[in-house]
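A, B, C and D are the chain letters, set down in written order, and residue numbers restart from 1 in every chain.
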Amino acid sequence: MDTNGFFGNWGGAYIPEVLHQTFQELKEEYARCRKDPEFWQEYLTLMSTYSCRPTPLTHAENLSRHFGGADIYIKREDLNHTGAHKANNVMGQGLLVKRMGKKRVIAETGAGQHGMATATMAAKFGLDCTIYMGEEDVLRQRPNVFWMEKMGATVVPVTDGSQTLKDAINEAFRDWVTNVDDTHYVFGTACGPAPFPEMVSWFQSIIGIEAAEQIVKYHGKMPRRVYACVGGGSNAMGVFKRFLDEDDVELVGVEAGGHGADSGAHAIRLSSPDATPGVAQGYKTMFLQDNDGQMKQTHSVAAGLDYVGVSPILSDLWEQKKVRFESATDDEVMAALDLTMKLEGIIPALESSHAFAGAFKEVGKLSKEDAIIINQSGRGDKDIFTIAHAFEDPSWKKFIIDRGKEYSSN
Amino acid sequence: MQLEQQLQEKLETRDILLMTHIVLGYPSFEVNREVIRQMVNEGVDCIEMQIPFSEPMADGPVILKANQDSLAAGTTVEECFSFGAEMVQKHTIPFLFMTYYNIIFKYGEEAFFKRAAECGIRGFIVPDLPPEMGKTFLELADRYDIAPILIFAPTSTDDRMKQLSGYGRGFIYCVARRGVTGKKSDFDHDFDSYLARCRTATELPLAVGFGIQSKEDIDALKGKADMAVIGSRTIKLVATEGADAVGPFIAGLR
Amino acid sequence: MDTNGFFGNWGGAYIPEVLHQTFQELKEEYARCRKDPEFWQEYLTLMSTYSCRPTPLTHAENLSRHFGGADIYIKREDLNHTGAHKANNVMGQGLLVKRMGKKRVIAETGAGQHGMATATMAAKFGLDCTIYMGEEDVLRQRPNVFWMEKMGATVVPVTDGSQTLKDAINEAFRDWVTNVDDTHYVFGTACGPAPFPEMVSWFQSIIGIEAAEQIVKYHGKMPRRVYACVGGGSNAMGVFKRFLDEDDVELVGVEAGGHGADSGAHAIRLSSPDATPGVAQGYKTMFLQDNDGQMKQTHSVAAGLDYVGVSPILSDLWEQKKVRFESATDDEVMAALDLTMKLEGIIPALESSHAFAGAFKEVGKLSKEDAIIINQSGRGDKDIFTIAHAFEDPSWKKFIIDRGKEYSSN
Amino acid sequence: MQLEQQLQEKLETRDILLMTHIVLGYPSFEVNREVIRQMVNEGVDCIEMQIPFSEPMADGPVILKANQDSLAAGTTVEECFSFGAEMVQKHTIPFLFMTYYNIIFKYGEEAFFKRAAECGIRGFIVPDLPPEMGKTFLELADRYDIAPILIFAPTSTDDRMKQLSGYGRGFIYCVARRGVTGKKSDFDHDFDSYLARCRTATELPLAVGFGIQSKEDIDALKGKADMAVIGSRTIKLVATEGADAVGPFIAGLR
């Protein structure tokens, strides 16, 4: 990151003047934390006593055998407290908020995982908490909404625009400019104005640091490839960062192919020509936008990937060809999820299932001597309404109908 | 004539100027045309025309909805330019474009300046473009003689205001309070000392915006600021009572 | 355990003759595993690579401050893969099944957690899997049923008797006597015929072994008390075992008080006079039964505690006064859950919330110099239908009604 | 006269004996009475009367339901004793109690034996009480001269059978197959070698139960076993066709 917050051509901090001062303070505090080894130590202690770090690296023997190529290892971010990698970032920012003395946090959320993590952190750190969530995502991720509220957070459904992640981000910014003095905006992914992309990636880098140590321990050497799904890009940056300078490790980001790259209904920013450079939500990156610069509707079965932009750091790595980007369609994702449940007894989140789907297309062609790591960013429990729906499970439907009738009648 | 000069001249005869805000294409260019006619008739001194953007991060519910509805009706950047050119032709007051940076960036910064200059636009207000991010933007503004309107906020430090002032032309847009457009502001003691800080930091005229709704609000600004900005209030008025309500409303402000 | 499987007056193996031989083999294999240090090592490796062991011990600073007594530490079994301590037992038995060469597993489940864990293990180990679950519990724990099925297990709703855990156990035994040659019954708690109570406790003892080490590290000494909820007794045995010989550690088991100890609608076996010695489901313990020896209906808001019997090992420890037993009512449990979510950002399962409720009643009276451990046996996500229902959450109800209508209309 | 002796005597005139199974209180003691009358009339040699238990772990759907329905109708252990005593009075064939161990344990083992002996009950079948768990039970059986009926299963090893035989009295109940009561069994080659193993292991008469449904099944047992046990089949018959169907059915079995 240069002093203006750019990574190559990407990034920056395109923020309203009201926020200027608070960003100054944030950048200074962040810089202090990065220099202070005690801060990272405090972070590690928190993550190993409140969440479950280091998370395991699981050898997926059955999937490996099934595809007959490289050995598949799964980095288990699903085992974090609150069920996803989002906790890494949020707990880190929580420590920062404590240092800055702010009393309230706000956050946007798509899949609800970042909202869950933030509500959790707020409960633990005794902060007020408001979560913005697109109305469509409120419906897709209802259980998460329920838990956030039970943990004392206020969840505000956002009915503007496409009612998904980007709109929640806009709304969170509106809150922030209003309540900037006592409020910190816990940005949920490696996007937004600097220093967020770098800061979020820093907290998430714990994933790759652990994974590198673990793979060498189990597999004896570095992996051939590392796969991660890419929404905003935080879990991808988290697992990639440590491997960036390893020559023989190829990094693969898997974007949301939705109904297909040619369908117009997807969220592919880097692995298709649909996106162009733009500036929105406080930063410059590749956006899915029309010729006038208006953001397009995106689509993914995974709420957490259903987003118009992507981390500026990833746009830079894409431009530098240091990370390869692919996509997986909704259908490929459901199939990958199904296979992973059946063969390994592991339920990846729909977001994470994109990384699995991406890896499954290629792993058979790799040598048996090699290993790959798939970053399982979260667990699929939160997606039960979407997954049960997508699989058209008849007994689930009957159960919901019966419950609905019961509730209607009293 | 440069925007600042133009405003300074007006200030010689008026104790406070009025700037109004419209969202282009909302509810339609037809209505925009009529609203602007009435505003000019009633002596508005300057009009900022917002080119709608899908992600108006700094705007409150009224203007947000106006942006969305305008886009839903199919408004394009090209139409905004044509309409801008038409207004400049028709009326003598200065017209500005307000928009978010992506509209400019995506059009091509230089192309955008060129086109706007051809249309006779006098200034740009871009709430998400701090000067640190606007090196080429500021150069082009200079080259095409379009005033880059910079923004002060209550959270800006004195040093920051000085720095911003150095980049600004035309006037400084002082955001009356924290928050987005549309909500009422308190013009209290804190506000006065904020405005005093603004005044100290710059020689440029001071426009105050965000939440100005009535004659009282404007009277309260007299002697402290040079221009009052009426934004959401008239947009809401048009939406609820139609374009014809604008003339009388503006007339009642002074 | 004596050679007949008794702990003092309790336990034994009251099994049909058809199962005699398979129990012989099971006992022999289990004895071999206990003697083989490599087995435990293999178990530890599995649990640290597939699940998230060691699970953290979390210092609940806010709850501690709130009650103003001893420091509260929470042992985080909720962070296990599949969300509960049940995984410890199941993975251990999975290794045993592999050694015995059986191709199919069956299990009973109440809360669904043991079923989830077994279905997961079966997927990972490539075994056929059938899960028996009382019809009432199928309704209470619908999401778990869905996931079990997605992992390839057959879930059989049991409509006999009270349609809860005990009936699922009977039905699993019926399957076992039929398919004894290729099938292992993965018993889910420290009950049933010997060697299950001891074997399950052995696998679960990993909880207490870790917790003891952790509390000494964080608190500097042994805890004053350890709290666990008691359904069948496996998580309680798991956390208690290591502390049994520590003189100054008091062990407290919290049973399901349901609508109250005097209501007849509860599942209190040891901390009220309602239960009497009996023999059922293959073992001798304190059962909730009538004068003729017929089992009574039990009630708890927590499916996993809604059971007539209790671990014979716990009956023995109760008789020896080595463990104190208390109960918490449904209402107390919901309040404890609510407080824990709000203050710590942690969502205990309804079962586990009993341990919290039990501890909350007493912790304020302990010295600030002391610490207590609460065993959080599982996470509450699985209970969303029960918890949202119990809190009468209006937006949840609306959500379900709308979904139900949507499903009805097509 | 001891149960074994009684059966051996009958075996002198019959090539195979018949034992039937009823669940006490299901559908009612009234019907039990009538069913037993018809069974005895048609020459059944021995009857096992099941005292219902809420957790009949070794029983299949038919008998499970019978247990539950009987309990739901309020059947008590005391009623079962009275009814047993009445049957012993009324009929000359031996009557046994079949039940799960908790019924005995909860009543008090010795009290249960004493009461059963007073009623004239000749044997107990307790499917969840292996001899290892039944030390006091076996002593009391001896003391009260009530035959403890032990069970062989296809999974029992030769050694195990010998051991069981050592504890058994009256006869050995050979479970025809793995599984619970009620489903049809195959009386195939494997079954024959199982029965041969049983025969080698014990001097006691061999009763074969689980899934015997017809004359053919019984014929197939002749020469290999001493007694055929009809369980679920007649219980189902009573449920579907009434008590009066029992006599003709039994008559047709030999």
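Just so it is clear, a contact is a pair of C-beta atoms (placed from the backbone, for glycine too) under 8 Å apart; a residue touches a chain by one contact, two chains touch by 3 or more.
These numbers come from a predicted model, not from an experiment.
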Whole-Å gap separating chain A and chain C, where each centre is the average of the chain's CA atoms: 33
Inter-centroid spacing, chain D versus chain C (mean Cα positions, whole Å): 37
Length of the line joining the C-alpha centres of chain A and chain D, rounded to whole Å: 65
Overall pattern in which the protein chains touch one another (line/ring/star/complete/other): line
Set of all touching chain pairs, with the criterion as stated earlier: A-B, A-C, C-D
For the chain C and chain D complex, residues of the former touching the latter: 4, 12-22, 160-161, 166, 170, 173-174, 177-181, 276-282, 284, 287, 289, 291-295
Contacting residues of chain A [partner chain C, same complex]: 48-52, 55-59, 62, 76, 79-81, 83, 119-124, 126, 139, 142-143, 145-147, 149-152, 218, 338, 341-347, 381-382, 384-385, 387-388, 391, 393, 395-397, 399-405, 407-408
Contact set on chain D toward chain C in their complex: 53-60, 64, 68, 71, 76-77, 100-103, 105-107, 127-130, 132-133, 150-157, 160, 164, 175, 178-180
